[in-house]
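See structure below.
All chains are identified by letter, namely A, B and C, in their written order; residue positions are counted from 1 within each chain.
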Amino acid sequence: MSSLYALGIGIGTKNSKGEWLEVLYPAPRLNPSAALSDAILAVCPDGAVSEPSAEQLQLLATALPEIDAELAALCLRLADASAPVAIVALAADQPPGDVPTAYLKLQLLSHRLVKPHQTDLSGVFGTLKNLAWTNQGAIDLDELVERQLQARLAGKTLLVDCVDKFPKMVDYVVPSGVRIADTARVRLGAYVGEGTTVMHEGFINFNAGAQGPNMVEGRISAGVFVGAGSDIGGGASTMGTLSGGGNIIISLGEQCLLGANAGVGIPLGDRCTVEAGLYITAGTQVQLLDENRRPVERVKARDLAGGSDLLFRRNSNNGAVECLTNKTAVQLNEALHASN
Amino acid sequence: MSSLYALGIGIGTKNSKGEWLEVLYPAPRLNPSAALSDAILAVCPDGAVSEPSAEQLQLLATALPEIDAELAALCLRLADASAPVAIVALAADQPPGDVPTAYLKLQLLSHRLVKPHQTDLSGVFGTLKNLAWTNQGAIDLDELVERQLQARLAGKTLLVDCVDKFPKMVDYVVPSGVRIADTARVRLGAYVGEGTTVMHEGFINFNAGAQGPNMVEGRISAGVFVGAGSDIGGGASTMGTLSGGGNIIISLGEQCLLGANAGVGIPLGDRCTVEAGLYITAGTQVQLLDENRRPVERVKARDLAGGSDLLFRRNSNNGAVECLTNKTAVQLNEALHASN
Amino acid sequence: MSSLYALGIGIGTKNSKGEWLEVLYPAPRLNPSAALSDAILAVCPDGAVSEPSAEQLQLLATALPEIDAELAALCLRLADASAPVAIVALAADQPPGDVPTAYLKLQLLSHRLVKPHQTDLSGVFGTLKNLAWTNQGAIDLDELVERQLQARLAGKTLLVDCVDKFPKMVDYVVPSGVRIADTARVRLGAYVGEGTTVMHEGFINFNAGAQGPNMVEGRISAGVFVGAGSDIGGGASTMGTLSGGGNIIISLGEQCLLGANAGVGIPLGDRCTVEAGLYITAGTQVQLLDENRRPVERVKARDLAGGSDLLFRRNSNNGAVECLTNKTAVQLNEALHASN
């Protein structure tokens, strides 16, 4: 008896050299049962990634119905596929070293089976290929010029929607209870929680997301996570771990409001507000005000990192960045100072 | 003799349960003539939404040529359609309680037959279904996973461009004299006036719009309307009635300039400017300056709502938000104060 | 013997009146050799734009292999095309007066054969037609309503991705070594240098670009050029020559950082930084600080135009816009003043 970390049975695309470009897993599994794991490994014993024959898929379709009816039905249909089929059976949570594994891990996130930072994505940039994502599917960039000419000669239209290592999420999964107005702006590997609306100006990178329900009209950068009930205003910015945010992982707690065109370079706790148009970086000097709006002290924004019940604004009379707090928040701040 | 409020003859999409998903009306009519109204009601007497048979459409094609040649020709062609056909004949301007009616009302707006707030859209969010908008048309989200798998098995590519209640406008109508660089950013139900350019970073929500001519490089939120000759700079924000703007309906008059990355949470009159990067919310304290740049008084931005000839800037020496006016504007402000 | 300025052999689209809408040149040539120029002119002697017959294309396919094997192969394939074929042979760098020439010049830029401002694009807005860019190719707007209805009647889906004079670049060429996450945001005529990533919020207009390598998460407006190693943060703005920037052509030198939601209305030299959220216009008053952060003088931002080693920030205690420099930068500033 063996229990896998994760399992994916999928259908994908290869380039003309036979290299994997991408794989769709309609029903990925995290921590599949021992029974399911054993059934898979009995048919595909040869390591993490296998390319099952039609016979193997039919064997699985016969073996799985009482263990996992959805996967059994999937195997039956994939047995007839002309496109390449992959089974990925991961024994443990390791960095993804090949394309089918990377796509499985990204789909674990977007199927909400794991949250951002909960599966190891080390080196995923190196593993994924930069591709042309087109209305004729994923195309290797080395083959694009020829495909473009072929389409023109055949009177067809080849449209390139994206040139990137990451495709858009919704061509792999649309999780329940979400709206995403411009799907080009949510990468595969995003976690989009139930009840989340991503408006046209919203954006969610891979390994980042929103717990739901959330209104996302700004940018949730790589690594950033936003708690339930928090809203990211139009054009608002969160500093990602890939660019500018350095080592600090930005997150927002619950019931926060990041105003339109605002930005944060520090993590925030619950019920925080940053007024429209104000960008708080870690080094911003902030005049702390108590619940009666009296000055308490001047601190750097990074000293307030993780605090709750904070309201950041720029005083429109004198230009000073201020943080209104309630008593709880000021005490928290003292605690934070104490641990500096 | 009866006169309808509005009339649409269209072709649309249903899900596998036979429920309407969306309807395209190539030539919607507002306040159709009594003759046209009577001709329609003679054939489709059964309430607001009917699904005419091929025979009924041919009857209309015969009856209408002298009343409305364009609709007569449309009926003739729709008689052969395999996709479902709808006729919506609205006696009055009521909240849209079904999908075909909601789509007619949104198309009244985008065909410029009504302006934002001129047709009753109450409850439209509840009426519209959240759908996957794909290169295979509108798809019920309950049917998307199966359609995705079918496409893969058939060697085809199903692309999901949008997951939303509102499709993009231009798949229903491209009004005359406009450019829209990234059409995903203009929702059906937007009013895009003659001579308007919506650049890649521009956005127009439903029940919102621009009179034209306008250059729109920022976001025109739900409910917002922009007068002739006003420009919305790149990334600029207008607070919508759905999020943050509260009860105030934001509008900009004529010849205004909202600078790049700027924002407004109050309505503006004519010839107003907000400098690049400055966000004016209703609560922003503003130092009012007269035409000689001498301080007049300190007010909240909401006290300047609707004023003309105002220039908002943040003093780059002392950080104060200032509003430069001319005499007319100062008098207006006094009038506004008087009515507080 | 004659040497052309530029040469394109392409395949394109016409409207139902036989007018050119657009042309794809898979392998445009700048300053082609005299041998190549002569071979082309021998077959197509009739001015800049010709529409070769299949026989002429086969003649070229026979004549060119030893001069330009790639173009010879292209001619052979185009001889069988059902879509219209164009050969554009430009004797000199003149304003583009017709559609095939305009498309050749835009593709010279996007193929990196010329840099922004290096080919004459005068009048290109008047030359190009505003078109619907769809999954059925470019469509004349006068024909769109009929095409939309035809598609619906045939059970097909016609999607309009763009209504603009400029299509997206990547449907014509994906230059080597780039990623463009949302391709709708890079216009044909952009110059995207090797090693450049354009994220979802990035944008590059025509006759503008990035030397590469660059990270572009903000907007590179018409006419703007960004040097190697400079990053444009998320939502950051550069003022274009078409809107707001007036006569000043904005550029950024090497190793600059424009922070998220920041903006510039002046050109910058090398190693400059604008902090997140700060918009510097030409008229912004700036407190100049020396390398010890002591005040030097107060200047307008335009006086710092083109300077290197400048760091712009808004003091978060007193709201003043400041510019930190090192000695070199201060000396440069004195030189700039001297030439005022």
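In this text, a contact is a pair of C-beta atoms (placed from the backbone, for glycine too) under 8 Å apart; a residue touches a chain by one contact, two chains touch by 3 or more.
Predicted model only: the values in this text are computed from it and were never measured.
Q: Which word fits the touch map of the chains here: line, ring, star, complete or other?
A: complete
Q: Call it same or different for chain A and chain C: same when shared residue numbers make up over half of all numbers used at their interface.
A: different
Q: Rounded to the nearest whole Å, what is the centre-to-centre distance of chain A and chain C, using the mean of the C-alpha atoms as each centre?
A: So the centroids are 31 Å from each other.
Q: What are the residue numbers in chain B that touch two or more other chains?
A: Touching at least two other chains: 135, 161, 184, 235, 261, 277-278, 314-315, 318-320.
Q: Report the residues of chain B in contact with chain C in the complex, numbered from low to high.
A: So the residues of chain B touching chain C come out as 11, 24, 26, 74, 77-78, 80-83, 134-137, 161, 168, 170-171, 174, 178-184, 200-201, 215, 217, 231, 233-235, 259-261, 275-278, 314-320.
Q: Along chain A, where are the residues that touch chain C in the complex?
A: Where chain A meets chain C, its residues are 130, 132, 135, 141, 144-145, 148-149, 152-153, 155, 157-166, 184-185, 187, 203, 219, 221, 235, 237, 239, 243-244, 261, 263, 265, 277-279, 281, 284-287, 298, 314-315, 318-321.
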